[in-house]
Structure formats: C-alpha cells, structure tokens
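Sharing a structure below in structure tokens format, with a few things to ask.
Every chain is named by a letter (A, B, C and D) in the order it is written, and numbering of its residues begins at 1.
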Amino acid sequence: MIKEREIENKIVKTNDIIITSNEVETKMEKVQEMSMIYRSAIKEITTKLEVLDGEFKVKRKRNPIEYIKSRVKSLKSIIGKLERLDLEVSCESARSNLNDIAGVRVVCSFLSDIYEIAEMLKSQDDITVIAEKDYIKHPKPNGYRSLHLVLEIPVFFSEHVEYVPVEVQIRTIAMDFWASLEHKLYYKTFEDVPISITSDLKECADVIASTDRKMQEIQRKVEKLN
Amino acid sequence: MIKEREIENKIVKTNDIIITSNEVETKMEKVQEMSMIYRSAIKEITTKLEVLDGEFKVKRKRNPIEYIKSRVKSLKSIIGKLERLDLEVSCESARSNLNDIAGVRVVCSFLSDIYEIAEMLKSQDDITVIAEKDYIKHPKPNGYRSLHLVLEIPVFFSEHVEYVPVEVQIRTIAMDFWASLEHKLYYKTFEDVPISITSDLKECADVIASTDRKMQEIQRKVEKLN
Amino acid sequence: MIKEREIENKIVKTNDIIITSNEVETKMEKVQEMSMIYRSAIKEITTKLEVLDGEFKVKRKRNPIEYIKSRVKSLKSIIGKLERLDLEVSCESARSNLNDIAGVRVVCSFLSDIYEIAEMLKSQDDITVIAEKDYIKHPKPNGYRSLHLVLEIPVFFSEHVEYVPVEVQIRTIAMDFWASLEHKLYYKTFEDVPISITSDLKECADVIASTDRKMQEIQRKVEKLN
Amino acid sequence: MIKEREIENKIVKTNDIIITSNEVETKMEKVQEMSMIYRSAIKEITTKLEVLDGEFKVKRKRNPIEYIKSRVKSLKSIIGKLERLDLEVSCESARSNLNDIAGVRVVCSFLSDIYEIAEMLKSQDDITVIAEKDYIKHPKPNGYRSLHLVLEIPVFFSEHVEYVPVEVQIRTIAMDFWASLEHKLYYKTFEDVPISITSDLKECADVIASTDRKMQEIQRKVEKLN
C-alpha cells in the first residue's frame, strides 16, 4: 500500500539531490506552515466578503455577489511557476516572489458589480492594495476576462502578526462560465492545441462578453421600471 | 421591536378570519413539520449527488458536476402557487398537489453531462421517477432551458418511512447564468415588463444556448486530442 | 396554513397597541439589520479563532481548542432580558445595553488552555477588551464555571465601519458538558425546581470541576514523559 | 521543497521493495478509490443521522443528539492495524478485514439516548447490522465506555452499488470528554506510561461514568416536573 503523494515525490527526487530524513521533516514542516499562513489569509478575506454579502442580503434589493470560491495554490503549481520564472525553488522564494499563492474568486451578477465590490475591498482600513490588473478592459489574448487585485491583509497568529498577500479575482457569472470550461478543456492536454480550437474559444469568449453587456443593459432598463 | 413569538401566539387576523392562538400554534407546527420532511428529502438526494461527485473526482478525467444547490419552496411561494392553481390552501393540499416543494439544482459543464447525470439518478434502486420535462429540447417561451425530473425517495424517520418527491433541475452553467439573471431581473418587478425587454432576454437565451453547443463541440475536439 | 408574511404585513395586535403594517415592516427591518451586524461580528471573531486553531494544528503537539460554537441571542431572549432589567424594549436599547447579543463559545481540552486562549485574543491589535468575568475562580451559585470576555471588534460594511461587542465564553469540555445538560434540564421547565434537584446539579458541577483538575494533573505528568 | 507525505513514504520504502512508478500510480489510485468509497458511506450514514436530528428539533421537547463527527481511518493507521493483526498489507486485505475504516461518532446528552439512537439506526430497512459491542455495560480495562455498531449500507455509484461497513460509536458527552482527553494524552507518547497515570485515568473514567448516571437521574426527575 503506497502513500498518496508518492508521485509528487518523484518530481522532487528527480532533482538528483539526496536529502536526509531530518531535512525532509524540516522542509515538510516549512511547507505545511506556509500553506497554513495562506489558508488563514484566505479566511480573513473571505470573512470580509461574507460580511458584505450578509449586508447586501438585508439592505439591498439585489445582492451583487453570486458566490465566493477560494484555493491555496498546490505545491505542484507553485514549483511549476517558480521553475518557469527561473527562480529558486523554496518556500522563502515562493513567499517573496509569488502573489497568487492565496486566491479568492468573487462571482458577480452584472459587469458594474465587479467594480463596486473592488472599491469596497480597496477602501477598507486594514487592507493594502499591492497590485491591480483589469483584464476586462484589456482581455488576455485567449479571451480571458476578470478584474485581478492583490490585497495584503494582517493575520493574527498566537505570537505575531503576519501581512499576507491574497489575489482576488472578480468576474461576472458569464466570465466565470468561459474560464471554468477553458480550464477544464486544457487541464490534461499535453499536446499542442490546434489554432482552430484556440480561435473557436476566443470567439466564444467574445460572444459571452457581448451577452454580459446586453444583460447589463436589460438590468438597467428593468431597474428604471421599479 | 416586535416580539416574534408574540406575533404567533397572540390573536392574528388574516383573511378576515379570527383564529385563536392555539389554532395558530397547531398550524405553525404542521408547517414546520412539512418543511422538515422536505429538507430531509433534499439531504438524501444531495448526498446521492455528492457520492457521484466524489466518484467523478477520483475516477474521471473531468467531473461533469460543477455545483449543487437546493432550497425548500418558501411558504409564500407555496401559498401563491396553490392560489394560482385554485387549490385549497393547506399543508395537506400542498403535499398532495405540489411536486416542487423540495428542489435540487445540479449545474453541469457541458450539454451531454445533463443527460448522463439524469440517467444515473433515474437508475438508482430506491428512487422512483414521478415525472420528467425536457425544457432543453422544448425551451419555455421566455427562453428558459433545463431538464426537470421529479424523483420520489424514501426518508427514514424515527418511527416511520416517508416517500417524498423532490424536483431535480439539471442545467449547464450557461443555462444557469441566464436563469439566475432572469430571476434577479423580475424578482421585485410588479409592473408589466415591456415587450422589448422580454424579447431582448429571449434573444440572450438563444445566444447562450448556441454558445453552449459551441463549447460542447470544442470539448469533443479537445477530448480527441488526448 | 398561516401566511408567514401575512402575519408580519397585516395588522398585529401586541401589548394592546395597534400598529400599522408600515410600522411593523420598518421595525422588522431594524431587527434584521441588528441581527446581521452581530452575525458579522461573530464571523470576524470566529475567523480569528479558526486562524489560531489552524496554527495550533500545524505548529503544536496538541491543539488546545476542541471546538467553537456561536449564536446570536434570539429576539425572545433579548426582549426578556431588557424587560427583566427594566429597560426600554427597542433595538437601540438592546444595542447600547446588552453585551451578549453576539456570543462565541470556545471549548478547550484542559483548564490552563482557557487562560492561554484568552490572552491570545486580548493581545490582538484590533480587539478592545470591554469586560472580563472569571466564573472559574468564582463559580456561580448553581455551579456554573466559564471564563467570560466581552471583546469589541471593527466590522467593515459597504459604507462604514461598526465597532461591535461579542461575548466570548471559554470553557473546558467538562464545564461545557455540565452547562449543556443544565441548560437542557431547565429549558422548558416553568414550574419551580425543588431544592433537591438544584443541589444535586451543584454537586455534579463540583465533581466535574475536580475531575478537570485531575485531568490537568495527568496531562502535566504525561507531558513530562515526552 | 518537499512533499508533505514523504515521511509516510519512508515507512513504505523500508519494506525493501523497489516498485516502479507505474506500480506506484496504480496503487495510489486504488488507495484513493478505497478512501472515496468509505467517505461516501460516511456521508450516507451521516445523512440518516441528520434526518433524525432534524426530526428531533421539530418534534421533540429535547434533542438527544448533541453532535455528530466522522473520519476515514488514515492510511498510516490502516497499515499499522493490518501489521499488528499480522495480515497482508493491501487495499483488498484492508477492505475485507477491517470494519472501522469508516467511522461515525454520535454524541448524546444522556445514557438512555444512546440505546434509543442505536435502535433507530438498526431498524432502518436498508441497513444491515454486522456487529455490536457494548463497552458501556462492559467497559474496556482502561475505562473506555461507548456503544459500537458496525452497520452495512448500500452506496450507489455511477455504474454499480457497493455495500460498505461503517463503525458507529454512540456515547454521552461525558464519555466523549474522557475519550478525547485520553486520546490526546497518549497521542504522541512512545515511552511506557507509568501505572500510576493509567490508574489515575481509569479512576477519572469511573467518576465520569457515575456523574453520567447522576445526570440521567436528575433528568428523569426534571422530566416528571413538566
């Protein structure tokens, strides 16, 4: 009977570095601690979003937040990204070079909701905005649309405070629909994807974006009726 | 500040019928019991879907289930529907006339996933299929698309078994996107909606449906690559 | 079947005051908003405790936190308490006079864990300690034991920050065992409880307290072995 | 950066068997599938208990269920137990020899609740009772008390039904208090524990058991008052 993660270990072992069991244990503890820190930061940001969500439910006619998801980047993806960027592969290197180890996704109803939620987070006292990228005004070449914020938040541990960056992606349901399927399609594809597929996907992204604008227009017309 | 219990326990005037507090309490208990029975049936169906979801995560390259939601129809909606159908307004009447008091929604990635999930549920030993409506092949006039099943499931209580119907709606993310926004748009609109808006929404539904077919095609092409 | 909304929207007779449905609706909204504010504060404190819990799991040999529960005081209890204290019965009065509308309970393994957790919360930058009562050193006459803190915490809403008090009760499992059963026993008892029962319960509380001290001693002895 | 579970791998590697990466992958998949099957069975049993819990909340003066916990036995414990029993270490061996891979714990208020819950589960149509051990009437030598049932339940997967055993442990809060602390005390103790500690713990278990009986008596007296 074999340990679940043996396979990922093989990746490590191919580095041709022999490490002693003490070293393994120390490194393992470091990885677990890193993961725990980012999970804690995700909890804090998610709580802030749930507080807003709770307020909207009680005080607004319409709640702009559809749902909230989150994830800590897997060790495999962290290692992959560090290698692609030609950076040292270590916890210290990950923590100082990567801003998307903790990720939170907010899915909104309409286009305008995205910017409203973003402003609410950015204006909170204990949050520092580290970076902002607007892939809605400037979509990625493959058709990807979303607003990305990197926010730094204080997390209180038993003996010290830590300031941790969290990437917050804010999208409409339609953008999330496209991104989820795009991710599913490419997830286990190791071969080159023919250009015909890439351009079909890009076309779908554009149709979806125009549907988003159409739905926003309808929403504004309906709001005027009330 | 109004005393919650006060409202229930004292004399309440509704529909010009004065009822005593004992009667109110008995009726409230019946409503609570009815709601509990449907909540239990939802739990059983949801567990069946979570079991499938867990299996897909481990055994399939791609999980067809995106997410699962559920709700018990609100008392207000139950009463509204009974009145619209010109039926007696009582718990007994609701239980024998309405099949959608317990509702579960399964959101899938691609069109073909919908029918696959439906087949899996329908083939389970302890489930009886009461009704099936395919609003994908035959969309509603407003553009609504989904597959609806009414499934009856046994629920084991402390002293007896109850066979409870649950409406299961199965859709793609794109269908859910349209239906969520459509619901939001009309939620608090009491005035007549101009025909221009209705036809705009219908048009969006059709564009989304064709995007769904497009994404399914892309998915099939990608699958062939692997 | 009684229409839930009906009850709220129509004329309700309470305390011999006839109030119009508009007044009821305004008051219901105020109650809902009050409840939402305290639920949010509970989320913030609970998240802080979950962050500590997560840290203990990774960095300590033994996690002092067994479980965390929370509740917003029911409207019925709020009204009851305001009446007992001979205070005005209104949301404003509740918010300025009661410190236990939001309640969080932390259940720990051993006696010494209680004070350690309390210190961790009290030392956090964004928390203000409003009150502290040690019912362990000074048990209530009925035998009740727990450490009570009232902590004020900032909650960020869409347009303003609110400083909200939360009562945090910290206990061992044994204290929680006694308190849970005591609460269950008296919950629906309206008659006077004979003194023989009260003194039996007090006796159980004392036996449990001495078992707690005994378990702490054993824990210290075991710790020295490692 | 090192994989989290390297340490458990070392246990595997000390078996002096060199396995190829294909073999690892196959075995890894088997372990994941086994774990998924038991998680599914836990979900089914937990749902049955939640249905009862929901019924008690609505229909009873007092809910006998305090809380429900569950776990799938860790790979490390499974291997440990198979080795201790001198059995083959494989998924097949685990599945046919161990009945406690899936474990559910029900914590009740009073002694009599334990047997009532047990009867409700045992009488359900789709459940088969495989084994029953009453460690309340016959406590283990160290003082451990609980009622253990092994129940077999059908789980519907996408293409077949599987009959899976689940160990259900039913206890009072007091029994759970003792067992939790006992587990914590010994968890990381590799040295021999002096007999003085063992007998202290046994003594605590007996005091707790007599407190349980005392609380049950009080409960009966209070019930008569109502």
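Note that a residue touches a chain if its C-beta (ideal position, glycine included) is under 8 Å from a C-beta of that chain, and two chains touch if they have at least 3 such contacts.
Going by UniProt, the chains are A, B, C, D = Putative GTP pyrophosphokinase.
Note that the coordinates shown come from a computational prediction; the quantities given were computed from them, not determined experimentally.
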| item | value |
| --- | --- |
| Rigid-body rotation angle, chain D and chain A, from Cα fit (steps of 5°) | 180 |
| Same or different residue numbers at the chain C/chain D copy interface, by half rule | same |
| Between A-C and A-B, the pair with more C-beta contacts | A-B |
| Approximate Å spacing (C-alpha centroids) for the pair chain A, chain C | 35 |
| Rounded Å distance between chain C and chain D, as computed from the means of their C-alpha atoms | 30 |
| Computed distance of Cα centres, chain B from chain A, in Å | 30 |
| List of chain C residues in touch with chain A within their complex | 29, 32-33, 36, 39-40, 43-44, 47-48, 50-52, 54-59, 120, 124-126, 154-158, 161 |
| Sites on chain A touched by chain B in the complex | 61-62, 66, 109-110, 173-174, 176-177, 180-181, 184-189, 191, 193-194, 196-197, 200-201, 203-204, 207-208, 211, 214-215, 217-219, 221-222, 225-226 |
